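Please find the structures below.
Each of the next two complexes has chain A plus one other chain: chain B in the first, chain C in the second.
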Partner chain A sequence: MGKYLSIAGISIKNSLVYRASVTGRVVFYFVFIFVFFSLWSMIYSGNEIAGYSLVQMIWYVCMTELVVFCSGSEIFGRMNHEVKSGEIAYRLLRPWNYIFMQFADMLGSMAFSASVFTVMAVLLGFVFAGPIQGFNPASVPLIVISFVLSITMNFFICMSLGLLAFYFEENSPFYFIYQKLLFVFGMLLPIEFLPIWTQGILRYLPFSLITWGPARMVVNFSYEYAFEIIPMQAAWCVFSVLLAMFVFSRGVRKVNVHGG
Partner chain B sequence: MAAIVLENLSKTYRVKVRGEGLKNAIKSLVRPDYREVEAVRNISFSVNEGEMLAFIGPNGAGKSTTIKMLTGILHPTGGSMNVLGYNPVKDRRRLSYNIGAVFGQKSQLSFHLPPVDSFRLLSSVYEIEKSAYESRLKRLADLLELNEFLDTPVRKLSLGQRVRCEFAASLLHAPKILFLDEPTIGLDVVVKHRIRDLIIKLNKEENTTVFLTSHDAGDVENLCRRAIVIDHGTVALDMPVKKLKYDYLNKKVVSLKLNESAGIPEPPGVELIKKTPYAVKFSVDTRIAPISKILAMLDAGNIADITIEEPPMEDIIEAIYMGKREGG
Partner chain C sequence: MFTEVKTHLKLILKYFTFNLSALTEYRTSFLVQVFGMALNNASFAFFWWVLFDRLGTGIGGYGFTDVMFLWAVASTGFGLSHVFFANANRISGMIITGELDTYLLQPKNPLINSISARMSVTAWGDVIYGIVLMALIKASGMMWVMFGISIFTAALLITSIAVAGHSLTFYFGNMEAVGRTLWEFTITFSIYPETIFKGPVKALIMTAVPIGFITHVPLRLVRNFSWGTLLLLFGVTLAYALFAFILYMKGLRKYESGNLIVTRM
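Right, the complex of A and B next:
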């Protein structure tokens, strides 16, 4: 365990080198929220759409974007690069679990940007929408758990997709499709906007559980909802970790390290 | 005792083959053709504990592939191996506590951070106790003279400084076997010597087994007693370096720049390669004519500059093959 903490620690230190890129993404985040704010302000004329008020809707977008901006999706690119360039060779030489080493590394590298984005999300929520009515501070611990599960499961899914580089010369289409599914099934819209029968399916799928799951918990919390969503997220987390381990352990046998 | 044993080890890659043109591109989408590339074919040998072995051969001969199989990075397609009692395929993690590697063309240090940060991380990854780590780092830093730049970000180090840090990183956990894949590539003579001295010292004091691939004849000559030559994935020669040297490393190329135009003596064993009025290049067969004897025959006062080179490893390997063909 200690070694994984050290990995996260050094990764925090390393991430501070990239302050400029965090600043750039903060600006981008602001632009995103602003565009959605304008969009929803135009659309909303009455009080509610599919059970969401305008205030809730803006907070919803702030939260789903938060997940997307700090969920370490870069792991896809990194896996892809490490496998294809053969950099993975040095990392296979060490006494660690490769999958968890990468996870620890990601936790460290996003610690700084995640705190920046959390502050941004809450700030922009208040600026553009104002406080959420009936928000219960006692719900915060469960909300945090839900976010952590979201980020973890997104990480291991992206990692599995990246590790497909072991098998395919070109694996980015998988990632592209995954990103779009996240976008349409939860990030852009709460799934309540979609037909009832799709909601029945989507609330069990990782795409919606990553974005819609925690965001809805922020804007419209209920214990009943939390205790339905969190176990499902946890189950998908376990599945995605196992998936990454499976793809890795099969793929590593195929590793080709070129050059010499 | 044997530290490394290989028996009929093989590695075959499957490479997708693409024909030219659109028709073949579409065909490869539907039914791709694969070509089998045999990187390593049935090699068998063993290396004793404390031995320093040179594993040499031309580019693409299978040297790196073999090292990567022995370290557990690549999985062999056939045969078996045993490294320090472990099977690298199954016991990669347990084996990794006992081996170290330097790949001359790849880095294991965090690019933006000072080397000391990477060292500290490695000490925790290898579960080295704090006091043991500190004394080990101090020793390596002294031997490799790292103290000046331990706190400088790696991106600001010169190649020589960086490679010295790579060595320290690979040696922190006191590995029993050190795998070196082209470790001195691109380094100047001074750094090369410092690294060679370190390897010799570790081998003497800690009985570290060294498995070296290098294109540098100097590395091979100065470090190893035994050399295995590999070509096209098979062992071509396995002999003491002394004999290899006697048979194949016996040529030196001397280039002279002269103050005044003059000839050079040409006793047996000396062969003129090129001559212009103020420069002479000749090769010396040191079996017939010791280099010191030849230098003594030159008019020292007339020499403006002199370089003595060893033939590159490629030439030596070519010579080995020529010799084999002539002999057999």
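Right, the complex of A and C next:
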């Protein structure tokens, strides 16, 4: 456990060194929220749409973007690169579990991003929309659990997709499709905007549980909803970890090391 | 002057042919990336379709077809910019690493030579997506005419904005983050209805950073054509291209070589 914590610690230090890249992402986060604020302000005229008020909608976008900016999707590119370049051969020699080492490494930068973007999300939510009516601070621990599960689930799914490089020469279509499913089924719009028959299916799928799950919890919290969503997120989270381990353990058998 | 322009157009065409043949050598990878980018853009079309369907009304005077026209022009314009001038977004990096040396030694204009030396694969997905989108929305004749004109003005403006932003590196040190942010701004602001932007933001995108002329002004021309507005579109595009060119060339005088040895393959 100690070695994984050390890796996470080094990763946090690295994130602090590359401040310029964080600044760029912060600016982009701001622009994105600003554009959506302008769009939703134009659309709403004191009414509710699909059960969401303007305030809830702006907070919703702030929260889904928070998940996206912190979820370490870069792991797909890293896995892809390590497998295709053969760099993975060097890593396999080290005394660690490869999957958990990668998680520990990304954990540092994800923790750093989470702290920066949580402040941004809350700040922009208050500036653009004001407080959420009826928000109960007692719900924060459950919301945090939901966010952590979302981010972890997304990380291991992206990792599994990256590890498909063991099997496919060109694995980016899987990632493209996955990303777009996240986009359209929860990130840009709550699933309540979609036809009713799709909502019944989407609320059980990981794409919506990653973005819509925690964001909906922030804007319209209820214990019934939290106790319905969190166990599903936990189950998908376990499944995504097992999936990454499975894809890795089968794929690594295909590695041929020729020295050098 | 005319000969100079002709020579540089030939150079751009040579780079285009060479880069395209290099990319198509890895056919599967090329097709996957093109398809991936088209899919990426299509997800936004889905977003707008759901939104308009749910609202059952326009947004700030814009209908679904109008927004898709913005997307088509932005996508194909952006694609053309990155098919022909993909290095425009790497100018800061080239200045910082000293990579510009290679282009300075060659008997062609360093700006044109350096920015057209690379082609983006995914940009082909953007080019195709815009055209397919126009066909899918059953665009009117006027829309097709304006699309045909504005994809070129859009490509020139997007390239010029990138060149201007990154040229600041000559003057103030590493401005890569500024150039990249400006690029993000350009894309983000050009794919949403003009009417959602107000006050200083609207003034900014219609003047100092003329993002509004990439898609919003062409749509105005579709809705209410006037020769004056069309001339304004051409005027602003050429003026901004000239401004970016001068900014780069003046900045180039401040460039210091890093003695970097590179191999171009």
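Basically, the second predicted complex is superposed on the first by the 254 of 260 C-alpha atoms of A that agree within 3 Å, B and C clash if a C-alpha of one lies under 4 Å from a C-alpha of the other, contacts with A are read in each partner's own complex, and residues count from 1 in each chain.
In this section, a contact is a pair of C-beta atoms (placed from the backbone, for glycine too) under 8 Å apart; a residue touches a chain by one contact, two chains touch by 3 or more.
Because the structure is predicted, anything quoted here is derived from the model rather than measured.
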| item | value |
| --- | --- |
| Chain C versus chain B on the shared chain A, clash or fit after superposition | fit |
| Which of chain B and chain C A:Leu39 touches, first, second, both or neither | second |
| Touched partner set for A:Asn14, first chain B, second chain C, both or neither | first |
| First (chain B), second (chain C), both or neither touched by A:Phe239 | neither |
| First, second, both or neither for A:Glu87, with chain B first and chain C second | first |
| First (chain B), second (chain C), both or neither touched by A:Val184 | second |
| First, second, both or neither for A:Glu169, with chain B first and chain C second | both |
| Touching partner for A:Val255 - first (chain B), second (chain C), both, neither | first |
| Partner chain in contact with A:Tyr225 - chain B first, chain C second, else both or neither | neither |
| A:Ile49 touches, of chain B and chain C: first, second, both or neither? | second |
| Nearest Cα pair across chain B and chain C, whole Å | 7 |
| Common interface positions of chain A, toward chain B and toward chain C | 169 |
| Interfacial residue positions of chain B with respect to chain A in the complex | 13, 16, 59-60, 63-65, 68, 71-75, 92-94, 96-97, 99, 101, 103, 105-108, 110, 112-113, 117-118, 120-121, 124-127, 181-182 |
| Chain A to chain C touching residues, read off their complex | 20-21, 23-24, 27-28, 31-32, 35, 38-39, 41-43, 49-50, 169-170, 172-173, 176-177, 179-180, 183-184, 188-189, 193-194 |
| Complex contact set, residues of chain A against chain B | 2-3, 5-7, 9-10, 13-14, 17, 86-87, 89-90, 92-97, 169, 252-253, 255-257, 259-260 |
| Contacting residues of chain C [partner chain A, same complex] | 28-29, 32-33, 35-36, 39-40, 42-44, 46-47, 50-51, 54-55, 59-60, 176-177, 180-181, 184-185, 188-189, 192-193, 195-198, 201 |
